[in-house]
Amino acid sequence: MDVFERLRSSAVDEWTAYVDHAFVRQLGAGTLPEAAFRAYLVQDYLFLIQFARAYALAAYKSRTPADIRAAQAGLAAILDETELHIRLCARWGIGEADLAATREHPATVAYTRFVLDQGAAGDLLDLHVALAPCVVGYAVIGHALAPRGVDALADHPYREWIADYAGEPYQAVAARARDHLNDLAARTLTEARFPDLVATFAAASRLEADFWQMGLDAASA
Amino acid sequence: MDVFERLRSSAVDEWTAYVDHAFVRQLGAGTLPEAAFRAYLVQDYLFLIQFARAYALAAYKSRTPADIRAAQAGLAAILDETELHIRLCARWGIGEADLAATREHPATVAYTRFVLDQGAAGDLLDLHVALAPCVVGYAVIGHALAPRGVDALADHPYREWIADYAGEPYQAVAARARDHLNDLAARTLTEARFPDLVATFAAASRLEADFWQMGLDAASA
Amino acid sequence: MDVFERLRSSAVDEWTAYVDHAFVRQLGAGTLPEAAFRAYLVQDYLFLIQFARAYALAAYKSRTPADIRAAQAGLAAILDETELHIRLCARWGIGEADLAATREHPATVAYTRFVLDQGAAGDLLDLHVALAPCVVGYAVIGHALAPRGVDALADHPYREWIADYAGEPYQAVAARARDHLNDLAARTLTEARFPDLVATFAAASRLEADFWQMGLDAASA
Amino acid sequence: MDVFERLRSSAVDEWTAYVDHAFVRQLGAGTLPEAAFRAYLVQDYLFLIQFARAYALAAYKSRTPADIRAAQAGLAAILDETELHIRLCARWGIGEADLAATREHPATVAYTRFVLDQGAAGDLLDLHVALAPCVVGYAVIGHALAPRGVDALADHPYREWIADYAGEPYQAVAARARDHLNDLAARTLTEARFPDLVATFAAASRLEADFWQMGLDAASA
């Protein structure tokens, strides 16, 4: 059993509440209010800025050229994703000025700073376990929302978002992240610290669920 | 005008929403539901653990023996406060086992990790500006809730909490924190970075208001 | 006067002892013992790994997408330079196995960890001032050692090294680093902290001179 | 076998070169030139300031009140030791102004910043392994230099220094540090990371030996 699977099965309630959140189900069904999606998109942009910092932290905490290089690739990928995000926002009528003017929601602050602090206080395994619900979770969600493939999404209103995470490139990113967790665990996982890692994974999953909830709340406000 | 006063007057809406929050008003009036106070007390214990880490971070980031010593005194004071907090909780029927078993609320995660990250990413001024709404704000609130002095609180249900923050020792702690901010500002405050510090101060004040709201929400849940 | 020039002229003895070190003069005259150059090359490889971490730290400490992006570009450039360095070492008969088997010299530890700690304890200006003697200094040295241009180096034994740092691409890197220092100073430099920055710059210049000395010592050992 | 003993026996050459350095032998024999001792004392003061920061870093990286409290006690103890050190320096004719005016020697920079960076990049075990040659080593050296007890030192010129580290209080500090290493190892030591910890321990021991050498060099300069 790989480490991600061990973590997931040890925090299955928190995991399910996150990947099967009402926001996700409505997104998949195409019934998610546009206001919810838009609120999510803007906060996700602010989220990505902090996630880029988390990969920079991983590079700083690395000791070998190979580990630095892997973290740098992650950082570069997120910076590219940020650019794509700006274009996606534009297609939903959200300009760069809107993004810059928006304040981080407490749910955005809570998850991103939690991840950054786990990484600053702990080691690379602590950091990547805190990142995993996001990095791997989006691949799981993307896959689940496109059960008959990306082409079958036709004119689904959230086609583009689903296709991004269901598509091969992102699925490969998530697969590499799982491999990396296994590699880090082979180096530094003791059974004595496993409960702490489960606590980190569960907390990160709950904070991700709060992030979806923030989107729904914005639409009903 | 001292730096704290400049920050406060530049974020007066966020400040007022925090120090004059319904939780605070009900606490002062003695009408706050016990369930709200108890939920707050438990989270405040978890909060203090992270605040101790923030003072440790300040000591780590210091360069002179005097600055290290000042931060160490702050750290020691918070560890003492944590002990007092355990005793206060006990008087409200919350045992150490309860404290240990309680999970950090997202509002606790958001404010504490925000402060820690401001400190890790920035300098000592960034860190202490993020701490100021808490350190100075509690003195302001304590003073406001005991307008005729601590002795006049008689059998106020939250007498002990108000007396702690209204009392001379804590008022002196807050006064020293303001002086320290002025000292740090004399060394490192440029006008170009003032807007960033206001943004930090305003964000921290909002996150503190969310912390009060968490208490109220717990009582109405 | 730009900030780099202010720092340099405030630490002119340390600066001169570094950029005009016997190692540099012998390198320029082509009289440097090969053993000295080889010892330097190997340690410089280990040095670059830590410098990559320093740019990762800069990305982590950044707050805006533009600053993260700039630091990420610096990190990527150093990782590329590390690859070039491996090829340069190979041409001097030093294989990757040799590089991996070599221990960091105390002079390498001292400068690299000093820079990383200045960055972790301080802000981005502290970090970039500690990096400046290296980043800008190598451009100054490269330029000085190729007074009639790179083409005139003909069959100079250290032609390739000198050409790298005298060449337009590296000169542009150094020019951008100076601009970046000016930009950071415009945001965060107070006169009160200038003496601390001079102390950092002077210490870094001394540690760079020690790094040259390590090369000479290796040849005379 | 406790973890300290495992580390020591895996880096026995580096350990012996440190604890049995000529500086130590001459110190024990009472033949160490006063200039060497004085140069050492001044740098050791600067060293302690950075070691205080290392314990602050340990407190910041801790997650439980017990761990924060233990690190805080270490920090407080070092700050006290710094005060004692100022008095010891005074008895050797070195005033506070001299201490403040002295620059960190590269050997001081190398060891202290190495420790701080191991701690920032790694976890608490990495940090405490880097600290161990100092914390435990001084107890081993103190014990070795007072084979017939502290009282037998009579009018040994370095009586006071030897008695400090040979005495019961410091021996207890070192014993607790060994226990703490065992505790951290029980939580987070995998066999896969043991070679990295040996490398850290060996590097720290070499940097400690360089620190003694700096004292001898100062006397022969």
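Per-chain residue numbering starts at 1, and chain names A, B, C and D are given in the order in which the chains are listed.
Please note the rule applied: contacts are C-beta pairs under 8 Å (C-beta built on N, C-alpha and C of every residue); 3 or more make two chains touch, one makes a residue touch a chain.
These are the chains along with the protein names UniProt gives them: A, B, C, D = Thiaminase/transcriptional activator TenA.
As the structure is a computational prediction, the values presented were derived from the model and not from experiment.
**Student:** Count the smallest number of chain-to-chain hops linking subunit A with subunit C, moving only between touching chains.
**Tutor:** 1
**Student:** Specify the angle of rotation obtained when superposing subunit B on subunit C by their C-alpha atoms, rounded to a multiple of 5 degrees.
**Tutor:** It is a rotation of 180 degrees, to the nearest 5.
**Student:** Taking each chain's centre as its mean C-alpha position, how far apart are subunit A and subunit D in Å?
**Tutor:** About 43 Å, centre to centre.
**Student:** Find the geometric centre of each of subunit A and subunit B from their Cα atoms only, then give the gap between the two centres in Å, rounded to an integer.
**Tutor:** About 31 Å separates the centre of subunit A from that of subunit B.
**Student:** Using the touch rule from the top of the page, what residues of subunit A touch 2 or more other chains?
**Tutor:** Touching at least two other chains: 53, 60, 62, 120-121.
**Student:** Sort the chain contact graph into one of these: line, ring, star, complete or other.
**Tutor:** If you draw each chain as a dot and join those that touch, every dot ends up joined to every other.
**Student:** Across the complex, what residues on subunit D touch subunit A?
**Tutor:** 60-63, 120-123, 126, 186-190, 192-193, 196
**Student:** In their shared complex, at which residues does subunit B touch subunit A?
**Tutor:** 53, 103-104, 106-107, 109-110, 113-114, 116-117, 120-121, 203, 206-207, 210
**Student:** Inside the complex, what are the residues of subunit B that reach subunit D?
**Tutor:** 49, 52-53, 56-57, 59-60, 62, 64-65, 68-69, 71-72, 75-76, 79, 82
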